[in-house]
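The following blocks contain the structures, represented as structure tokens.
Next come two complexes built around subunit A: one with subunit B, the other with subunit C.
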Partner chain A sequence: MLSYARPIRELIEQLERLPGIGPRSAQRLAFHLLGAGPERAENLAQALQSLHRQIRVCEECGNWSVEALCPVCASDERDRGTLCIVADAKDLVALERAGEYSGLYHVLGGVLSPVEGVGPDELRVAELMDRLERLDVREVILATPPTVEGDATAEFLREILGQFEGLRMTRLALGLPVGADLDYADQVTVARALRGRTEMSD
Partner chain B sequence: MYLKTLTLENFRCYEQTRIELPRGLVVVLGPNASGKTTLLEAVYLLATTTSPRSGPARAMVRHGQSWGRVTGVFERDGREVTISVTLGDPSGSRSGSKTVEVDGREVDSLREAIGRVQASLFWVGSLEVVKGSPSERRRFMNEAIGQTSARYLDDLARYRRALRQRNELLRSIRARGGSGSILAPWTRALVDAGVPIIEDRASFVRALAAEAAPMHLRLGAGAEELSVQYDPSVAAGSDLDAEDEFYQRLEETHEREVERGSTQVGPHRDDVILTVDGVDVRRFGSQGQQRTAALALTLAQASVARVRTETEPILLLDDCLSELDPARGAAMLDLSEDREQMIVTSACCPEHLAERLADAHVIDTGGELASCRPCRIPDIEGRNTESHHGP
Partner chain C sequence: MLSYARPIRELIEQLERLPGIGPRSAQRLAFHLLGAGPERAENLAQALQSLHRQIRVCEECGNWSVEALCPVCASDERDRGTLCIVADAKDLVALERAGEYSGLYHVLGGVLSPVEGVGPDELRVAELMDRLERLDVREVILATPPTVEGDATAEFLREILGQFEGLRMTRLALGLPVGADLDYADQVTVARALRGRTEMSD
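After this line comes the complex of A and B, so read on.
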């Protein structure tokens, strides 16, 4: 069988390793790049190269950053008394987009999962303890995802953060989508919203 | 609810078949291996999106074809709903896929399809509920409760994940040591998901037992009494609720669970006790007793579903006439009088039931479905197990 010239073949092989890209998509992308001319390919190559050269991990919170400190940690307008713990940097971005939160973050770099060999040592837990020693944090918001692993991670943190006296610990609420009628929400969502119901106050 | 039309395309031994069905009693008559069970399988597939037979979805596709489809038009409370399950992809590549459509709109999960159509099936595999291992009875509970509660299925999925993670951690503690503090979050995840499962199962089996006993009396020639009892690994005790009891039992068995690398107590160790006149029918029942008990459980489960969802499940009963004596056979057919639809298969037309069957709608897989090639599916006695279905 006639196969593609080596550079094309190599590109297809590289693209295939990306998540969500199968052999057919890889082939289509490769030929698209080939057809779009050298400039397009150069731009992409440049963006790829500068990614790891320029991006590093924020020394404080673990967010992706260009500087030693990410924009959130560097800002003097953030409330340094609250710390929101997220599994991944992309969760941080989601929370930032909501525009509701003005405190600091801590990125764990994943959730506990014995099956995948992820224990506390594989997450940025020691860094978290260190920050809590240094900073004057009043409240920690546990914002790991509402999965079995995310819940267990939050539970684990709740346990070990118990040593910080007077530290308030909260868990991100989960429940009904905003603006949707109760009867349109699926059974599971309604059931979990009921289990996690909150006290009404003035 | 009842099934009005069933269309099979490239499904098992059927190439292209459309069947109209009325309410009430429908009898599918035909010799062994003529595709009777396959009709029930198709209805069950529409109700649950899975086949009761094990094996990959593509095994249901007619030999040599790249796709197959089952379509059913159901009527429920005067409204029609069309459900179709497509196996493979008519347009090309995705041979292992399964697509479910409700009224022409694709739905992406069982959660969405659930509760739209309900069916209860009795077939050769149902015997396993009685004589099989405890896991068969757990599966029976899971399917029955899952048919009426998506929340239960969610708890079950969370429980299984927590169990898998916890067992992995136990094995690593066994190998490398480690403290309990790292186990605690997984213990809590296990208990959080497990307690509602225990509660749901307890209430389901209570409801099941209440329906199964009278059903069994009706099907039994004598006055044998079937008792059904939940046998939980962990249950609320006299002074502790299920949650505290679960934590305590985990603590008690900690040494053993580390030693074995697996969680020793919890809903994954549940069972259901089945006795007939006080004798454990799971182990000591005769073939006939086990069959009658299994049939009673299937019918009782349908009654429970009817009460819980206010929807009448379609009863699918595969080859249960041949072995029942005249009185039991008649009692079973009489059930159709207060059920919306009951589809019964039989390889023969028992003489003593001829009168009753005369009123039923009969589908003849031998004559009317002449396009069907002999299917050689395992029949109810498991005699003929030669199989030609797909790779």
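After this line comes the complex of A and C, so read on.
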């Protein structure tokens, strides 16, 4: 019984370990890269090698960054009175993409999860407290995801941030996604959309 | 507006160019590789670099190979009287996996496709003729895929191989896939399964 030549097999094995890529996709990708010539594979290899060599964690907010400070923290055009706390750097990018926010961020590096052994010490909570003492923050947006664990994390932060007097604490609005079909929305989302209904302006 | 740091963006761009990987998956894969630490990305990078450095085309059959001859051509346990002609090296692996065939292969490198400008000169047809003159082949299995182009390629080969007297030429059977639901099979397949029906043995 013949199988793939060793270098092909090794590439398939590496690709299979990526999330969402099964044995068939891994095989298809490997043969695609074989057929596409050496340059494509080499470019991808170099992008992979640059990743960890060039990317580090922003000393201030925990975002991925090439410099010691990420572009948000380094910018002097951001409102330093608002701090948006996100679970993950991906969430930061999603918020930036919305183009609605001009404050600073703090990346926790996850959410509290007793099941997975993630407590406050595993998250960048001490760094958050330190920043709040240093900075002159008026509002903290608790933008952890609207899941059980994200809600629990926001609740935990609300409690420990209570020590900063006069600090406004907000959470992202829940409701129907824009463009959604009411019929397809889950009942919890519809309930939250009803509860959070807003006055129509003229 | 902030986007991903450049090394992340470059990896996402490279990943997006792979078949079946859209912007969202590329983003998810890049962040997975960031989170998984440098070793995973480095291993994948090395597998990619080894691919074209170590893999070449078997001088004899056109299969992917590390050596000058692929394992099938180099083996002295294969039946050298049977030659199975496949469009692609992937098809060769699929046939090997079935564990039913012990002859040699010939990889065409595609199928005839006037639309895409693939004629006999773009395929390894001259090499096939050369091998049939050199080798002592009794049977040729035309295992190009059961598609319009694969059928046309098999038909083309049947004609030009007519010059080899006494050469048996066969084509893979068409019918229902094992385990298939008749109800879900397309009508052309059901028609071929009926036409190709076989006697039940005791």
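Going forward, the second predicted complex is superposed on the first by the 185 of 202 C-alpha atoms of A that agree within 3 Å, B and C clash if a C-alpha of one lies under 4 Å from a C-alpha of the other, contacts with A are read in each partner's own complex, and residues count from 1 in each chain.
Heads up, the rule we're going with is that a residue touches a chain if its C-beta (ideal position, glycine included) is under 8 Å from a C-beta of that chain, and two chains touch if they have at least 3 such contacts.
The shown structure was predicted, so the numbers you read here are calculated from the model rather than taken from an experiment.
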| item | value |
| --- | --- |
| Contacts of A:Gly179 with subunit B and subunit C, given as first, second, both or neither | neither |
| Partner chain in contact with A:Gly166 - subunit B first, subunit C second, else both or neither | neither |
| Touching partner for A:Ile8 - first (subunit B), second (subunit C), both, neither | second |
| Touching partner for A:Ala152 - first (subunit B), second (subunit C), both, neither | first |
| Which of subunit B and subunit C A:Gln54 touches, first, second, both or neither | second |
| More subunit A residues in contact [subunit B versus subunit C] | C |
| Partner chain(s) touched by A:Gln187 [first = subunit B, second = subunit C, both, neither] | first |
| Contacts of A:Ser113 with subunit B and subunit C, given as first, second, both or neither | first |
| Contact footprint of subunit A on subunit C as seen in their complex | 1-8, 10-11, 13-15, 17-21, 25, 27-34, 37-38, 40-55, 64-66, 70-72, 89-90, 92-93, 96-97, 99 |
| Partner subunit A, residues of subunit B touching it in the complex | 111-112, 149-151, 154, 158, 161-162, 164-166, 168-169, 172, 181-182, 184-186, 188-189, 192-193 |
| Contact footprint of subunit B on subunit A as seen in their complex | 112-115, 119-120, 147-149, 151-153, 155-156, 159-160, 186-188, 191-192 |
